[in-house]
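Structures given as structure tokens follow.
In what follows, chain A forms one complex with chain B and a second complex with chain C.
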Partner chain A sequence: MLRYLALRLARAALTIVLVVTFAFVVLRLSGDPALIIMSPEAPVEAIEAFRHAWGLDQPIWVQYLDYFRAIAHGDLGVSFRDGRPAIELVSERIPATLALTIPALMLKLGVGIPAGIHAALHRNSTSDRLVMAGAVAGFTVPSFVLGLLLVLLFSVQLGWLPSGGQESWRSMILPVITLGFGGAGVLARFTRSAMLEVLGQPYIRTASAKGVPWRQVVRGHALPNAAIPTVTVVGFMVGSLIAGAVVVESVFSWPGVGRLLVVAVSNRDLAVVQCILLLVASTMVASNLVVDLLYGVLDPRLRAGATAGAH
Partner chain B sequence: MLSRRTLAGLAGAASLPRFAIAQADNRPVITVAVQKIAITNTLDLLREQSNVGERTSTLINERLIDLDWFNGITQVPGLAQSWRRIDEATVELSLRRGVKFHNGDEFTAEDVAFSFSRTRMFGDTRPDNGQSLPVSSAYLIGAGSKELPAEIPPVARRAFPALRGVEIVDRYTVRFVNATPDVTLEGRIAANGSEINSRRGYDETDSWLAYARKPVGTGPYKVREFRPDTMLILDAHDEYWGGRPPIRTLRFVEVPEVSSRVNGLLSGEYQFACDIPPDQIAEVQRHPGFEVVGGPILNIRFTDFDKSNVVLADPRIRQAFSHAIDRTAIIEALWSGRTTIPAGLQFDFYGDMKIADWRVPEFDQVRARELLRQAGYKGEAIPYRLLNNYYTNQVASAQILVEMWRQVGLNVELSMVENWTQVRDRSRPRGVRDWSGGAAFGDPVGGMLNTFGPNGAGQATGEWRNTEFDQLCVTIQTSTDRALRKKLFRRALEIAEREDPAYTVLHQNATFTAKRRDIAWRATPSFVMDFRSSNWGNAIRD
Partner chain C sequence: MQFVTDPLVRLRDLSVRFAGVPALRGVDLDIGAGEAVGLVGESGSGKSVTWLAALGLLPPTAQVSGSVKLAGEELLAAPQSTLDRVRGGRVAMIFQDPASALNPVQRVGRQVVEALRLHRGLGGAAARAEAKRLFELVGIPDAGRRLDVYPHEMSGGQNQRVMIAMALAGEPELLVADEPTTALDATIQAQILDLLRRLQHEMGMALVLISHDLGVVADMCTRVCVMYAGKIVEEAPSEVLFERPSHPYTQGLLAALPAMVGPRRRLTAIPGSVPEPWNLPPGCAFAPRCERATKACLAPPDFRSMGPGHIAACVHARELVMA
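The block that comes next holds the complex of A and B.
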């Protein structure tokens, strides 16, 4: 088990290094922060001075080594635009993003999973078709379209809710619904498929034939077995809690990590972009790790297999 | 021992005056939605060299000489009541008395000298050598330092290339002393970057960055809070010398999406929505309670040529580009006719220095084809690197231009790029590109000559150079003979726009602001938003 865990951790660390390296190379080769931040009309001397002050006149490999040396010392760099440590800037924005993504995740789980179970248990019924139509709409309508439609209806036409900003708790309602709707659709589809597959298994038929009440069959046999694919999807959703609201934050002018990422990328604020990517990659990797471990908890066969492999 | 009733009475009495004041201040709180508050996340125009920075700067910091945006952008008294020439290199200004900074201090000559000091603007640069830079100091902004960011001294020196210093004559009189004769000194004093700051305000702030985010000026509004990339909150400066500001609190909120700005305006959250593209004007005005104001501004869009391209080296090819453009069609199609074709890269506010009879090259496809034939053009591909709507309507304009050029036989290949580094990349052949230009002050030296002259960005990128043009720039900048300067400026236009084109003008840039119709307010022909009492409510109603 320890070897299994160590292998997973090593793979996770490699993934993070690869993500950060890729971002470093792409960002540095695709634009000069000095020109972007200072405007193309700025005096050449001013642009040169900026590059020198920030070490951008060094060869890229020197910059890369410096960057990793700094990370090893816990220094994630300083923002070109803000002059403050990148981690400070990102940390300031995380609560705002989580204020949207956590309720949205609750919405996804609270609506998507029960809807998927209901649809599977009432396969081919009207309610199944309605749920699936809603689910398809949820994950096919882009979030910026849904967001704008909700704003047009609830802000412009009815005047019930704010169209954007972070003025009060009411400002959260539309972005949370926008974020949650698509995810709920995805979860409903996955849950339904997984449930249908499990419900068709011989052990379900056997349990029913033995006279086990249907409710108990579903709870005791179908749901645990159908949980694995659903947990995988939920793992991705948890992993994207920090930067999973880029579009929605832009549409609703919500000052979270997503908007910071957009601004930082467009300004080539390298330290901030890399700090966010590092956090996102770490969250995603950690989430996947937890999901992997959960597989073992949910399915004893996997646990046994991992242990056997370790032997 | 005080009784409960007495205490209650005292508490009530203590709260009365405050309540009365609050009741008396019935000025509105106004929210303005903008695409961007500041590119650099500072409110200092020496660092924030952008159009959007100009929008809020003048509300906070003022200049000695102001510009009357509603009357031909003429120079008018600002923090200086009057000014006079001592000689060709010196201007003396009498300061306005009784002006209060946001921190309550009186504005004096000390603050002017400080604002134009080495500490605040010029660093180690010298007036006779604008190129010297303290690049050895690896200074990081925000490190708690008062040292200027490395890029500010060169920016300041470009604004005042030969300023030797500001002399204090007395508490209310200063002299700007130049190292060389300069007829444009007053214009420079009225331009972006010449804002007056409180000396004490700066001294009492911990770092340059902290001050640049909460500057202490004399303007009608003072900074309460600046949340980078999110919001700027300004409060009325009730001791403002120009009259009590009409708005109690002015909030600029950053709303990157156009549709979100429009929706927020229509739903009543914002009273103003800036940066409205022309195709949204009709949509806003469909609602009876709203209107769109604004129009041409002090900025011109043009197509820039790279003379180092082997095909474009022949000026006849570039001339053909100019004659192939139907500018009126572009304005009608993309701008709903709400902007104009300027008389070349020059502005009305140049006053008598403007060449009034100058025109851009006429739309003449026959002539364009003839020029290409004479040049022996064989249809070689000419690259056109394009940013995704950095300028309003940029992509649509580019597509129309390419088609217009194709009609006369020019083979222009569009390629989308992401940023200015890629636009200017010299490792691959460059051809034509988009650009825009304004004027820092009312003289050609502040505009086209600055952009394409010896120290301008046009030459720094290696795109264009003309020896005669360079000589003209030097003479125009240092001569005090107005008639000669005007004659030479005409010649400079002939070279840069007709003989050996550096660029070809497309149209005047324009900016539009959507607002509630019942708010009486005028847009300036720039990004500057004037929220003083003279531009609000009854002051401008018929």
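The block that comes next holds the complex of A and C.
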């Protein structure tokens, strides 16, 4: 078990290193931050001075090694734009993003999973078809389209809710629905197919054949088995709590991490972009790790190392 | 077989259709208390469907008609609560592939305890002690520790023993064993069959053994029903069926078995294949494969009595015996 955990941790660390490296290379090759920040009309000496000050005149591999050395010391760099540490800029935006993504996750779980279970238990009924139609709409309509439609209806036409900004809790309603709808659709479809798969298994028939009432068959035998594939999707959603709202934050001008990322990329504010990507990669990798460990809890067949002694 | 009083289970004209396609076409069958009856036939002949239908275990898309009486009480239209009490309580069922018939994420002991709680109201330590006793009864070594393992940690034979222990938990009057050894190794097969035979005698319960293996059925059962294309085509006491099979299909099945004694002979396979259920021939479903088929076989054959407890659904049955 420890060996397994160590292996998984090593793989997680490698994933993060790869993401950071990729981002580093692509960002350095896709435009000169000095020209963007200083404007191309600036005197050559000023641009050179900027490059020198930020180490941009060094060969890329030197910059790369310096960057990793700094990370190892907990230094994630300083914003080119206002000279504040990148980590500070990013972390002050995190609460705003979580204020959208956590309620949206609740919405996904609270609507998607029950809807999927209901659809599976009433397969081919009218309610099944309705749920599936809603689910397909949920994950095929892009969030910027849905967001704009909601704004058009509830802000422009009806005037019930603000179209953007962060004034009160009412500003959260539209972005949360926009974020949650698609995920709820994905989860409903996934839960439904996981349940249908499980309900067709012989052990479900066995449970009925031994006299277990149907509700208890569903609760005690079907759901614990159907949870195993569903956890994967939920894990992915948890992993994207930080970065999953880039588009929606832009549509609703919400001051979160996503908007910061868009602005930082267009400004070539490398330290900030890299800091956000590192954060995103870490949360995704961490939630993946938790999912893997959860598998072991949910499915005894995967606890190979832990139960080898039972044979 | 005729019963003076009600038999334990009485099936009358039991029929099943899936989306209009017949899977079972009017099965009449009585099972007496403590009796061992074999049900043989090829895959798709309706052996399993008969008992899944009788216990209401088919999906809701199946249209079931006819009558299923357990000690005089009708089960087909019975409320769900009655069925839940009967299943596992009075009639238990075990299945072909024990590895997939047990819930993979639950410890086997807990699955047995669930049946004990439902049908005998046992809980806690009492249920666990009884589960351990059942494990010992079905020959699981180190029973106390084995309660806490998962199905994937046991062999197929051990899992089938768990299934049997679970089936015995409700002290059923009838155990329906649906191909209980098909998925197991030959040596384990014999052990499981021995176990079933012993338990049937010790507990005095009736046994329905569903199998495509005539040898297994002959060994275990006093009476055998042969099924073909959703119908029983011949029913007889075991020794009679093997000595004087009357239906051409039964004769074909026996001719396809290697003889244990006497000179070696070429095995004869039945020509053709089982008709598709949505494309059944008129009259006798076996006629297209039968070398004795005549015009008379275009009408549905009635059962003819061939001797005590021996009936066959073939218009040529009597001449066959004479011949």
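Basically, the second predicted complex is superposed on the first by the 303 of 311 C-alpha atoms of A that agree within 3 Å, B and C clash if a C-alpha of one lies under 4 Å from a C-alpha of the other, contacts with A are read in each partner's own complex, and residues count from 1 in each chain.
FYI, contacts are C-beta pairs under 8 Å (C-beta built on N, C-alpha and C of every residue); 3 or more make two chains touch, one makes a residue touch a chain.
The structure presented is a predicted model; accordingly, all values stated were derived computationally and were not measured.
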Inset, instruction - After lining both complexes up on chain A, report clash or fit for chain B versus chain C. - result: fit
Inset, instruction - Go through the superposed model and pick first if A:Asp299 touches only chain B, second if only chain C, both, or neither. - result: second
Legend entry - Which of chain B and chain C A:His221 touches, first, second, both or neither: second
Inset, instruction - Check the residue A:Arg205 against both partner chains and state whether it touches chain B (first), chain C (second), both, or neither. - result: second
Legend entry - Dominant contact partner of chain A by residue count, chain C or chain B: B
Inset, instruction - Name the contact category of A:Gly83: first (chain B only), second (chain C only), both, or neither. - result: first
Inset, instruction - Identify the partner contact of A:Pro213: answer first if only chain B is touched, second if only chain C is, both if each is, neither if none is. - result: second
Inset, instruction - Would you sort A:Asp128 into first (chain B), second (chain C), both or neither based on which partner it touches? - result: neither
Legend entry - Gap in Å between nearest CA atoms once chain C and chain B share a frame through chain A: 50
Legend entry - Common ground on chain A, meaning residues reached by chain C in one complex and by chain B in the other: none
Legend entry - Contacting residues of chain A [partner chain B, same complex]: 30-32, 35-50, 52-55, 78, 81-84, 148, 151-152, 155-156, 159, 162-165, 250-253, 255, 259-260, 262-263, 267-268
Legend entry - Partner chain C, residues of chain A touching it in the complex: 201-203, 205-214, 220-221, 224-225, 228, 298-301, 307, 310-311
Inset, instruction - Note which residues of chain B are touching chain A in the complex, please. - result: 39-41, 49-50, 131, 133-135, 137-143, 149-152, 154-155, 157-158, 209, 227-230, 253-257, 259-260, 263-264, 266-269, 418-424, 451, 455, 457, 460
Inset, instruction - Report the residues of chain C in contact with chain A in the complex, numbered from low to high. - result: 52, 55, 57, 80-81, 84-89, 92-93, 95, 97, 100-106, 114-115, 118-119, 149-150, 152-153, 163, 166-167, 169-170
